[in-house]
Amino acid sequence: MFRHDKRLQFEAKPEKPDPLFAKKLQELIGGAYGEMTVTMQYLFQGWNCRIEGKYKDLIMDVATEEIGHVEMLATMVARLLEGAPSDTTAEAVRDPVVAAVVGGMDVQQAIVSGGGATLADSSGTPWNGKYIVASGNLLADFYANVAAEAQGRVQTARLYAMTDDPGVKEMLKFNLARDTVHQNLWLAAIEELKEDGLEGAIAPNALFDEENQEHADTIWGLSAGSTAAQGGWMRRTAPDGQRRLRYLEDPEPLGGPASVPPPRDSLYGTFAGAPGQGSEKGAQRAPGPRQGLTDKVKDAFD
Amino acid sequence: MFRHDKRLQFEAKPEKPDPLFAKKLQELIGGAYGEMTVTMQYLFQGWNCRIEGKYKDLIMDVATEEIGHVEMLATMVARLLEGAPSDTTAEAVRDPVVAAVVGGMDVQQAIVSGGGATLADSSGTPWNGKYIVASGNLLADFYANVAAEAQGRVQTARLYAMTDDPGVKEMLKFNLARDTVHQNLWLAAIEELKEDGLEGAIAPNALFDEENQEHADTIWGLSAGSTAAQGGWMRRTAPDGQRRLRYLEDPEPLGGPASVPPPRDSLYGTFAGAPGQGSEKGAQRAPGPRQGLTDKVKDAFD
Amino acid sequence: MFRHDKRLQFEAKPEKPDPLFAKKLQELIGGAYGEMTVTMQYLFQGWNCRIEGKYKDLIMDVATEEIGHVEMLATMVARLLEGAPSDTTAEAVRDPVVAAVVGGMDVQQAIVSGGGATLADSSGTPWNGKYIVASGNLLADFYANVAAEAQGRVQTARLYAMTDDPGVKEMLKFNLARDTVHQNLWLAAIEELKEDGLEGAIAPNALFDEENQEHADTIWGLSAGSTAAQGGWMRRTAPDGQRRLRYLEDPEPLGGPASVPPPRDSLYGTFAGAPGQGSEKGAQRAPGPRQGLTDKVKDAFD
Amino acid sequence: MFRHDKRLQFEAKPEKPDPLFAKKLQELIGGAYGEMTVTMQYLFQGWNCRIEGKYKDLIMDVATEEIGHVEMLATMVARLLEGAPSDTTAEAVRDPVVAAVVGGMDVQQAIVSGGGATLADSSGTPWNGKYIVASGNLLADFYANVAAEAQGRVQTARLYAMTDDPGVKEMLKFNLARDTVHQNLWLAAIEELKEDGLEGAIAPNALFDEENQEHADTIWGLSAGSTAAQGGWMRRTAPDGQRRLRYLEDPEPLGGPASVPPPRDSLYGTFAGAPGQGSEKGAQRAPGPRQGLTDKVKDAFD
Amino acid sequence: MFRHDKRLQFEAKPEKPDPLFAKKLQELIGGAYGEMTVTMQYLFQGWNCRIEGKYKDLIMDVATEEIGHVEMLATMVARLLEGAPSDTTAEAVRDPVVAAVVGGMDVQQAIVSGGGATLADSSGTPWNGKYIVASGNLLADFYANVAAEAQGRVQTARLYAMTDDPGVKEMLKFNLARDTVHQNLWLAAIEELKEDGLEGAIAPNALFDEENQEHADTIWGLSAGSTAAQGGWMRRTAPDGQRRLRYLEDPEPLGGPASVPPPRDSLYGTFAGAPGQGSEKGAQRAPGPRQGLTDKVKDAFD
Amino acid sequence: MFRHDKRLQFEAKPEKPDPLFAKKLQELIGGAYGEMTVTMQYLFQGWNCRIEGKYKDLIMDVATEEIGHVEMLATMVARLLEGAPSDTTAEAVRDPVVAAVVGGMDVQQAIVSGGGATLADSSGTPWNGKYIVASGNLLADFYANVAAEAQGRVQTARLYAMTDDPGVKEMLKFNLARDTVHQNLWLAAIEELKEDGLEGAIAPNALFDEENQEHADTIWGLSAGSTAAQGGWMRRTAPDGQRRLRYLEDPEPLGGPASVPPPRDSLYGTFAGAPGQGSEKGAQRAPGPRQGLTDKVKDAFD
C-alpha cells in the first residue's frame, strides 16, 4: 500500500514559463526512458521479486521514489506552461519569439490537458506498458535498470543544455544526481548478486553446458572491412571470466536454404499444383520438411 | 549496403510440427526483447555511431548477424506450422491434444500469414520502433545492449524448457550460445570504452561537477521496514570508484507543495473565480508561480 | 512524494493456482478500464488540479489508494501462476483440464515475466497513456472518473462470476466495494461542484450564449424507423435544467457538398488539368474555396 | 445498412486557410475524445445493445450523426490547408508568420495525405480502437458517453478560443451545441434507465449484497494533510441513495506482505537455492502460498 | 451526412454459437485488412478526393457500403457468442470440446464487451488509424484499395474454410462476392484513370524526367544465387510501356562509407576528443560533412 | 544470412544541414509506407514464400536492397542534423529562420537519438509491425507491394518539392527511380503469375463458384446523387475478364434487423428481466437467435 505527502521530493520552480521546454520535458515523463518507465519497471520488478529481503526492499525503495519524480516533472510542466499562448491565432504571430513558441509547442498540453502534462513523450507518443520489463531474473532486470538510468541521464543532460532557466536547471541537477546514484546502485546490486552466488555475469546463470559450445565465443565478421578484431575485447578474458572471444573472418552459413513447406490448400497460398493454380513454371516445390503433427492430431484433421 | 545468402546461419529444422510452440516462438521474433529488436537497435546504433573504427565495425558485424536470426526464426515458425489445423471446426475438437492446439494457436499465423510468422510477439502485439534505442552515447547504448541480450537469453532459456523437439532444441542451443557471446561482447566493449578513456561507469561521463552533490550518493528509504541498508552496496565503494552510498531512513521531502498555477480563462479549467464559475468554497488559489513569458510574448498575448 | 508499506491494502490469497484466471485478471491490471488507468488518471488529475483544497486532496487520496490496487492484483496474478505448466510440451496435453490451461494461458506471463503479471490487458495489449484523461476541467474529469469506475465494476463483476476460488472471490468482493464507493464519490463530487457554483451539468460551464442555440436541443432522427422519440427524455426538462429536447424526423443536411479545394501541384494529387495529367473526363473542379493564406504568407510561397 | 448524402450536416467553410489550426483540429477528428471516438463508440454500443427499442434507436440515431461530424471536420481540414506552404525550404522562412506556420504545421497532412486530414490526433498519434467502449451495460456505457461528450466539448471550447476565423467559429458553434445536447441526452438516458427500473446509480446494478459491506462506504485518507473530509460529500447521502460516506484517517493496510511464491526452475528466476544459484545471503524464501493446481494438472506436470 | 437503416445489408445468422470462430472473425472487423480499414480508407479518400464526379462518387458509394459490413460482422459475432461459457471455472473443463472453447476464446469479448465484438483483430490488437491511406493521388490510393480487398478476400477465404456453420458460410459467401466485385472495381478504376489521361501506370505520373534514369530499370542482384533474372519480367516491356528491366549481377555500392558527423558537445555522444572523453584509441573522426546551417542560424547558435 | 558493405548503395550527402527537412525525411524511414515497411514486408514475404525459384529470389533481391535504403536515409538524417540548434533556449530565437527551425524540429532526434534518426515517422509515431503483410498468397502480396511503392513514390515526390538542397535532391532522384522500377517490377510479377497459371486477377484465385454469384458484379448506389454509374467501368468487361459490373440504384437491405441475443446473466448487460433489473418499459426482447452450443458444451455450462 502507498501513502502520499503533498510536498515534492525536490523543488520544481521555473523562473519563468517556457512552453517550448515544457514540450521537451515530456520526454522525461512519458518517454521510453522517462520517469514513468522506471517507476513502473521497478514496481513490477519489486512485486515480481521471488526472494524476500534486501533486493526486493531496495527495488521498492527506489520504485517509490520514482513515482515522486513523475510528480515533480508533471508539476514543472504545468508551471512552465503558465500563461502559454494557447489561444493565439495565426495572424498574431508576427514576432519571431512568439512564432517559435507557437510552432514548437505541444498542442495537446493545451487542448487535451488544459495547460498540464500528458502521459506521452516529447513527440506526443503515449507511454506504453511494453517500455518496462520485470522478468523475475534479477541479473537481467538489473542490467535493464542500469540501461534505463543511463539513457535517462543522457537525456537529462541534453535537456539541461537546452535551458538557461535557473529554476529548471536546479531541478535537473537533482535529477542528474539521482540518475548517477541509481546507475551506481544497480551496478552495485549486480556485484552483490555475484557475491551472494545468485547470478554470474551472463543471464540466466544456467544452461552453459547445454548451449552450443562451438558458437559461444565467436564474433561473426559479416561487415566487409570490419576492424572489430582489433578491439581489446579480443585480447582479454571475456567478462564471464571463462572464455576468450574469437573473430571469424568472412564466415559461411551453417544451415541449409531458408525454404518453407507447402501450405495447406485451405490457406490459399500461392503454390504450383494447388487447386485453382496452374503448372509449375519457374517454381519448384520446397524440399519437404518432416511429416505431420502427432498422430492423434493428424487423424483428426487429415 | 547489404547482401543476402540463401542459407540460414544455423539449421532450423523441427522434428515435427508444433503450432503451440510456433506461437511462443513469436516472442523471440517480434517481442520487446526479440531478434527484431536487437537487429534494429544495432543497425541504428551503427548508423548513428560518431567514431569510425572498431566500435562501429563491431556494432555492424553483430547487427548484420541479427538480421539472419530473424530469418532463422521465421523459417522455424513456418516449419512448425506445417499441416497445422487452421481449418478445424469446433465440432471436431474431441481430442484433448487437438483441443489444446486449437485453443493455444496463434490464429493470425493462419488467417493473416497463411502459415507463417508475423512481426508480432507471442500475444500478437506488433513489434514497434520504440523497442530500440540508439542514443549516440556508446556507454548508455552498450548497457542497453547487454540488457537486451540478457532478457533475450532468459526468454530463450524459458522456451528451451517448453519444448522437447530435438530440432528446435538444437537451434535454441545455438541461440543461447550467441546470446552468451553477445552479452560477453557488450560487457567487454564497455570495459574497452573505459580503457580508451572515452567513457566511465556512469553515462554520460559528464556534468558530475554540476549535478547536485548532496543527492548523488543517497538511497531514499521510502518503503517502510526496508532492509535495503543491509546490502553489500552500502559497504563497498560505488561502481564509479568515487562514492560510498548512504541510506536515508524515513527522509522528508525537500520541495514545497505540488501546486500548479491557475489556468488561462480560454482553457476552461475548473477554477474559483473563473468566468462562469462561482465563489470559492473549499478551494484556495495556488501560490502564484512567477509571472509570464518573455515580455515580448506577454505583449503579444495579454 | 510517496511512501510504501509492504502490506497489501487487502489480502490477495487464492486457494489454489489458476493460470486461466491469471490471464483474465490482466484486464483489471492493464486494461483500458483497469487499476493502472484509474491510478494514472487520478494522479495526473491531482497534479493538474488548479484549485487547492478538498477536490485536489480527494483526488490524491483516491489516486494513492489505486496504486495499491495494482499491487494487490499483480500479487494475486503471481500467486495464481504458482506451478503453472509453462514448460509443457504438446505431447503431454492428453488431459482436457490441462489442455484448456495450456490453450488459454497468457504465454507472456511465463516467457516474459517469469510467472508474474505484465502491464498489459487480458489479450496482451500493453497499457498506454491515452487511456487516461486529466483536462483540468473537474466536471469533465469527474464524469470520466465515474465512467472508469463503472466500467471497472462491470468487468470486476464479470470476473467474479468466472471463478469459484474463495480467496480470489474475497479480494474481488473488496474490489467491487471500492468501485461502488468510488462511483458514489465522483457522482457526489459532481454535485459538490454544482453546489460550490464551480460547474453546472454541462462541461465546460461556458459558451452557452455563443453556441448555436437552434441546434442545442435537437435529436437528429437519422436511423430509419427509430423510436427514440418515445423516450422519457423527450418529456422531461433536460438535465441542464434549461431545455426540452426536440426530435427531428428525417432531417435534411444544413451544409453544402463536401467538396475540397484542388491540391497544390507539388502534392501530386490526382486532379484534372494538373501537370502531367490529361483532360477532365467525368471530373469537375470543386467550387473554389476562398483564397489564400495571409498576404504575407501568400507572398512568400506563391 | 447506411446511406450517404453528399451535403454536410452543417457548413464547414473557413474564411481563409490556416495550416496551424488544421493541425489542432486533428484532435477533434482522431483524438481520444474526438468525433471518430464517439462515432465508433456509439456504433458498437448500438450493435451490442441487448434490448430493442428506444435505447438502441437513440444510440443509432446519434451514432449516425457522428459519422457526419467526422466528415465535416475532415472537409474543414482540407479547406484550411488550401495553398499551405508544404514545399517551403528552410531558406525561405524569413517572415515570422511563415516561420510559425512552417514550425507548427502537421507535416503528415502534406506528406501523407496530400493536403487532407489524417486519422490521427493533433500530435500525430493514430486513432485506435481502445478509445471506445461498448460493454453491453447501458448505465456504464452512458456514463462513458457523457464523459466523452464532456471532454469533447471542453476541447472544442479551447479550439474555439484559438481561432478568429468566422467560418471556423461558425462550425465550432454548431459543434458546441451538439456536444451540449448530447451531454444532456446521455444524462437524460441515465435517468430513464432508472425510471424504467433497468439500472440504478451504480453500475452494474447487482452484487451489492455480496460486495464487502465494510469497505463500501469509506474514503481512505492516504494523502497526508488531506482536507477531503471537509467536502459536502461527507454530509449528504451518497448518490446511490443508500449510504453515507466515511473518511478513514491514516488507515492501516488490511493484507499481509506482498510476497510472491518461488518460481519454477524452468523459469530461471533469481531465487536462492535454485539450480545454478548459490546459498541464500540476505534473502529469505517467501511464505509458501497454498499448493498446486488441480490434482490432475499436478500429476501431468510434476 | 449519413443515414441508417436498421436492416443488415445481408443476413448474419449463425446456425449455432461458436465462440472460437467469434474470435477469429475479429480479424475481419478490426484487423489491418478488415472491414473497418476499408470503411475508413474509403471515407477519407472520398473526403480527400480533389475531383468532383464519378471517382469521388464511386468511392463514397463503396465507403458507405463498408460501414454496413462492419455492422454485419459485429452482429454475427454477438450471435456466435450467445451462451458462450464466459463464467466457466478451471475445474469444469473436463470435456475436450469445452476445453478448446475455453482455451481459444477471446476473453475480452466477454470481460470488456459483455458478449459482443471489440474493435480489435483476432489477437486482440486494437484497430488503428495508420491502417488506412488517403493520399489524394487516386492511382496510388486505388492500388492500395486493390491490395486491401485482395488481402481481405484471402482472409475471408481462410475463415470460410474454418467453419462448417451454414449460416456463417452464407454470410461469408456474400463477403467473398463483394470482395471480388470490389477488386474488379478498383482495378477497373485504375484503367479509367489511364483512359481519362489522369494517371499512368506509375504513381505519381510525374518527375520521370528528373528521376535518375540510369537506375530506373535495374534489378539489383543482392541475394547470392538468385534466379530472378529468369523471370518473364526480363523479357517483356515493363508495365509502364516504356522500359525493359535489366538485372545487375553482384552490383557494387555507388556511395561512400556510411559515416556520420561528430555530435555537438551538448548531445553527449561518445566521440574521441569530446569534453570528458579521452584520447582516440581505435577510433577515427569521420570525414567532416559540409559546414553549418544557414549563416543566420549559425550566428545564433555557434 | 546477410552480409554488410560499409558503402552506401547511393550517395547521401546534403550540401548543408536542414533540421526541418531531417524531421520530414523520417516519413521515408519509419512511416507506414517508408523504407522500413518495404524492407520488412519483402523479407517476411520472401521467408514465407512457398515456391522456390524466381519469385522468391526476386523478393529477396529487392528486400535486401531495401535494408540499404533505410541505411541511406538514416545517414542522410544524421548529416542534415549536423550542428542543429538542439540546445537553443527560448530567449535566443529572435530570428525567424531560427524560430522556424526551433519550432519545426523533431525534438526526439536530439533528445533521444543525439542527432540521429529515430525509427518513427515524421510526426514521431513509432514504426510498427502491422504496417507489413506477408500472406503467402503472392497475388495479394504483390498488389500490396505495388501499393507500398506507389505511396512511397508519391511521398518521395512531395519531399523532393520541399527541398532545394542539391545533395538531398540527388539522393531523392535515385529513390524516385528505384520506386519507379519497383512499381514496374511488382506489376510485371503480377502478369507473370497469370502467365504461369498460378493466379488470376482476383485474389485468391479460388472459391468463385461458391461465392454468392448474384452479388459478385454489383455496385451498390448508397451515396445519394452519385454519378458512379457514368464511369467507364460500367461499359467494359471487368478486369477478371468474366463479368460486367452493374449499378444498383437505391438498393434495399437484404438482411433482417441487426438485433443481438440477450446476454447471459453473468455478463451484467442491461436487459429487461435480468436479475436486479426491473420491468421492461420501452424495451423489447430481441427475436431469439437459435439455441445453444453443442450439447456437450451446453451440459457443462447450463
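Some points to look at:
In this document, chain identifiers A, B, C, D, E and F correspond to the written order of the chains, with residue numbering beginning at 1 in each.
Convention: a contact is a pair of C-beta atoms (placed from the backbone, for glycine too) under 8 Å apart; a residue touches a chain by one contact, two chains touch by 3 or more.
Being a predicted model, the structure only gives us computed values, none of them experimental.
Counting only chains that touch, the fewest steps needed to get from chain A to chain E is 1. Identification of common neighbours of chain C and chain F yields A, B, D, E. For the interfaces B-C and A-B, the C-beta contact count is higher for A-B.
Taking the options B-C, A-E or C-F in turn, the interface that duplicates B-E in more than half of its contact pairs by residue number is B-C.
Of all residue numbers used where chain D meets chain E, over half belong to both copies. The two sides are thus made of the same residues.
Rounded to whole angstrom units, the spacing between the C-alpha centres of chain C and chain E is 26.
Centre-to-centre spacing of chain E and chain F amounts to 3 Å, using the average Cα coordinate of each chain. Annotation for chain C: residues 1-9, 18, 32-33, 47-48, 53-55, 60-61, 63-65, 68, 71, 75, 78, 86-88, 90-91, 93-104, 110, 112, 114-116, 120, 123-126, 128, 130, 133, 135-137, 139, 154-155, 157-158, 161-162, 195, 204, 206, 222-223, 225, 227, 230-232, 253, 257-261, 263, 266-269, 282, 294 touch two or more other chains. Because contacts link each chain to all the remaining chains, their graph is best described as complete. Those residues of chain F that touch chain B in the shared complex are 1-9, 30, 36, 40, 43-44, 47-48, 60-61, 63-65, 67-68, 70-71, 74-75, 78, 90-91, 112-120, 126-130, 132-137, 294. The touching residues of chain A, counted against chain E in their complex, run 154, 157-158, 161-162, 227, 230-231, 266-268, 282. Against chain E, the residues of chain B that register as touching in their complex are 1-6, 47-55, 86-91, 93-96, 98-100, 102-108, 110-112, 114, 120, 123-126, 135-139, 192-193, 195-199, 204-206. On the chain F side of its complex with chain D, the touching residues are 18-21, 23-24, 27, 31-33, 96-97, 99-104, 121-125, 154-155, 158-159, 161-165, 222-225, 253, 255, 257-263, 267-272, 275-286.
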